[in-house]
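What follows is chain A paired twice: with chain B in the first complex and chain C in the second.
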Partner chain A sequence: MDYTNQKNPQNYSQMEDLKTLDLEESVSETIMRDLKMIAYKLKYVLIPKEQEDNGKELRNWDLWGPLIFCLALAMTLSFKADSTTNSSKSDVFAIIFVLIWVGAFVVTLNAQLLGGKVSFFQSVCLLGYCVFPINIEAIIIAFIGSYLPFVVKLIPVIICFAWSAYSSVGFMASLVPPHKKKLAVYPVFLFYLFLSWFSLIV
Partner chain B sequence: MLDNLNQDVSILQPSLQMTDSQVQNRIRQMKMEDPDEQTCYQKFCNLFTIEYYREYFDVTTELVIAKVVNAFNPFSGTFFDIGGGIPELYGPFWILNTLIFTIALSVNIIKYMQLKPGEHFEYQFEIVPFLAIFMYLKTLIVPMIYRVALKCVSQDRLTLLHCFTIYGYSAVVMIPISLLNSIPNPAIQWMLLVYVLFAQTSFLTSNFNQELKYLPKEKKYMIVGLVAVVQITIMILYKFYFFSSFNYQQLGLVKKRTNTHILQHILGAN
Partner chain C sequence: MDFGIQNQTDEQQQANKEPSNQNGNEGNKKQTGCCAFLTIEFYTPYFNVTETDVLQRIQGTFLPLRPDFLNLIRGNPDLWGPIWINATLIFMITAIANLRQIDEEKENQSFVISYVPQATALLYIIAFGTPIVLAAVMKFLGVDLSFFQTICLYGYSMSTLLPITILCYFQNELFLWLIIAYGFANSSLFLIINLKEELDKLQIQKKYIIIGIVVTMQLSLYLFYKLVFFSYVKE
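Showing the complex of A and B:
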């Protein structure tokens, strides 16, 4: 253990070493540390330049990040749904929640069936983290979308969809043998397309 | 062979000699991997592993693309020649999901186009679970009907999985058509639907025809007629449920969420 870097861990494994001091620290410190872990992984997944070790960092998967982004997206989209439309708030929330988790499950299952040898939760974790750009786009559209014409609304949708798809495609394509790459990538593309379209419509 | 295991190993070197328990473990392991030696229970549990289904996903990108391109051609009848006619489930499953997405998309586009100026756009999402259930049931049940019909005319070369494969790929014609269906002109919508009916039916019959060439005429026409009738039924359902110009609430398909009304109804009935 490198005690000199105790307060400012340089990488994730040093953060792991700090866990032995859990019981003595305040609640806010624990929560901030978890949030920093999520932020670190988010930067790792979404900004391709940070990936120097070909995705080995993803072995430390966690499902907190995906859960937070899924809940945030579902709440943002159901916030706009009110009783004058056909879908009530709880309908939209339920559809988004189920869609994200079942969709991630099905896409991962597909990659495994095509011969990929990745751990199941690693891939679900990655797909969950890549939902973050769709979250950004949903927030933009929810708050200022009613003042913009449809064509202007399309621009952030397309950018964020391309960003999500591009981040997750690199990982998914590396799981399967080369002649099946497009087959594993297409469901990911369809998954994010459906989510983007959903956040555009609402 | 299993009984001689210890003797064979001991010939090589004394250090490689296995103890009795190791031999027993090795025999048990080999028995579990040998399909003839598996118990009935173990064979059933194989159904829940991923390896069991992997053989149905053993496809390459070129193969799937070739099959999709073939499915757009209603007359070729060469579908089962591609890739050796091995049944697979990747294509049907993802074509189905793409189709659900495009139909949901086009239903919303139709609704958007019908808006009078100044009206707020109400998106339609209740249709999605219903659509998904309808599509999955259709894709499960119709190939079973085909397989039963083929069995009745005692044609055993095409198994149930072959029927799933060809039915799944025949649905790919519907994808661009459902996107085009959002054009508001009713004449175009009816023409597109007739085209889909014709294309899917002739694709299915020309492929079944390759296998049915050697049967007497009555049985052939029976199969062709069955395929056509099933397709017509499904097309009519499409037109009047999903692509109609009616207000969906008038159809009674979707109701506004009125939990309080349901509760009063239940309480009132008591």
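Showing the complex of A and C:
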């Protein structure tokens, strides 16, 4: 049980070997390792050039990443929400949270009903990781949004929405038979459109 | 945080299994039993459409006087249309209602988002609840129309609301009432004409019960639409 010469893992399978040694290490090490895993998967999902092995990495799904991004988005938007008028902070948080998880669930269910053979959580994991660009745009708009007119705010929104949609559409379209591709892809598009709209509006 | 180890063994099992089957009736081609409707395989036959089919069906709803729709779906009712047309509508209601609220002079404007849960409840109850009730009533009265065909019919009738929602962006009250009335007439006619063939086999009173239910529910949907979602008008 020698921890002193653990190098940084070169790829994810090396990270797996290290997992069995985690009972005796410090909490910060455990947390950092999980954060690195999330960062690795994020790069893999969002930057298409990293996907050399045709998406096999996606089989190692986890829900920590999606949870972190979902909470971050819901908190960013609810901090910005004006608690005096139409929508209170807790309303916003609840709507975003439910929207992300129920939305991911329904989109995945839709792909399965159309005949796609995919593990349920693998798909939810991917959809959750692709929420990250929406997070970025929500933070941008939260900080500098009040100084910009509505039309200028649309630019980062559209870019991040396109990035999210593009990252997840490739995976979703590959799941279903060719004549039903658009039927599987449209809900993904609608899901990210909804989230982008909220980050713009709130 | 040893969640990761369990993930991998679950994943290996899932990668080998057929797509999920919550009740453990694995390997059965046809799901039987009291809980069959909870499995995915039960609903898969109702998603057997392509995008051109869906577009054709939506186009069929805009011309209610031609009863093509029921022939289009007779052998193959689908559930994709009802679910996702309503989801699109929820998004459009929120978006258009928010766009109407934009006021360039006001700083730090806050937009309404409470329409999302309201619209979800309204649309899905009307799009799925009404046809289930209607199909039950019709079966009781002796009409031979399955649940899924009624759900399909109702779901696609909601597509009349798609252009209406977009047009609701304009602020003129009279215009809004006109298009709401047109939408109500269009979708009610669509539903009644498509049900007519089946209903003609019944007695007059029973026919009117069913027509009455249909029209009342459509009326309540459109009134709710106008009064709750799009009643705010800028001065």
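We adopt the following convention: the second predicted complex is superposed on the first by the 196 of 202 C-alpha atoms of A that agree within 3 Å, B and C clash if a C-alpha of one lies under 4 Å from a C-alpha of the other, contacts with A are read in each partner's own complex, and residues count from 1 in each chain.
Note that contacts are C-beta pairs under 8 Å (C-beta built on N, C-alpha and C of every residue); 3 or more make two chains touch, one makes a residue touch a chain.
Since we're looking at a predicted model, the values are computed, not measured.
Bringing the complexes onto one copy of chain A puts chain B in a clash with chain C.
Of the two partner chains, chain B and chain C are each touched by A:D91. Between chain B and chain C, it is C that contacts the larger number of residues in chain A. Within the superposed three-chain model, A:F121 lies in touch with chain C and out of touch with chain B [touch as defined at top]. Residue contacts after overlaying the shared chain place A:L113 against chain B and chain C alike.
Legend: residue contacts after superposition of the two complexes on their common chain; A:Y147 is shown touching neither chain B nor chain C. Look at A:D62: by the touch rule set out above, it reaches chain C but stays clear of chain B. In the superposed model, A:I201 lies in contact with both chain B and chain C. Common to the chain B and chain C contact sets on chain A are residues 85-87, 91-92, 95, 109-110, 112-115, 179-180, 182-183, 186-187, 190, 193-194, 197, 201-202. The touching residues of chain C, counted against chain A in their complex, run 1-5, 7-8, 10-11, 14-15, 18-20, 40, 43-44, 46-47, 49-51, 54, 79-80, 83-84, 87-88, 91, 94-95, 98, 102, 104, 107-108, 110-114, 116-117.
On the chain A side of its complex with chain B, the touching residues are 84-88, 90-92, 95, 109-110, 112-115, 179-183, 186-187, 190, 193-194, 197, 201-202.
On the side of chain A, the complex with chain C involves touching residues 16, 19-20, 22-23, 30-31, 34, 37, 59-62, 64, 81-82, 85-87, 91-92, 95, 99, 106, 109-110, 112-122, 146, 149-150, 179-180, 182-183, 186-187, 190, 193-194, 197-198, 201-202.
Across the interface of their complex, chain A is touched by residues 50, 53-54, 57, 59-62, 64, 90, 94, 97-98, 101, 105, 108, 120, 122-126, 128-129, 248-249, 254, 256-257 of chain B.
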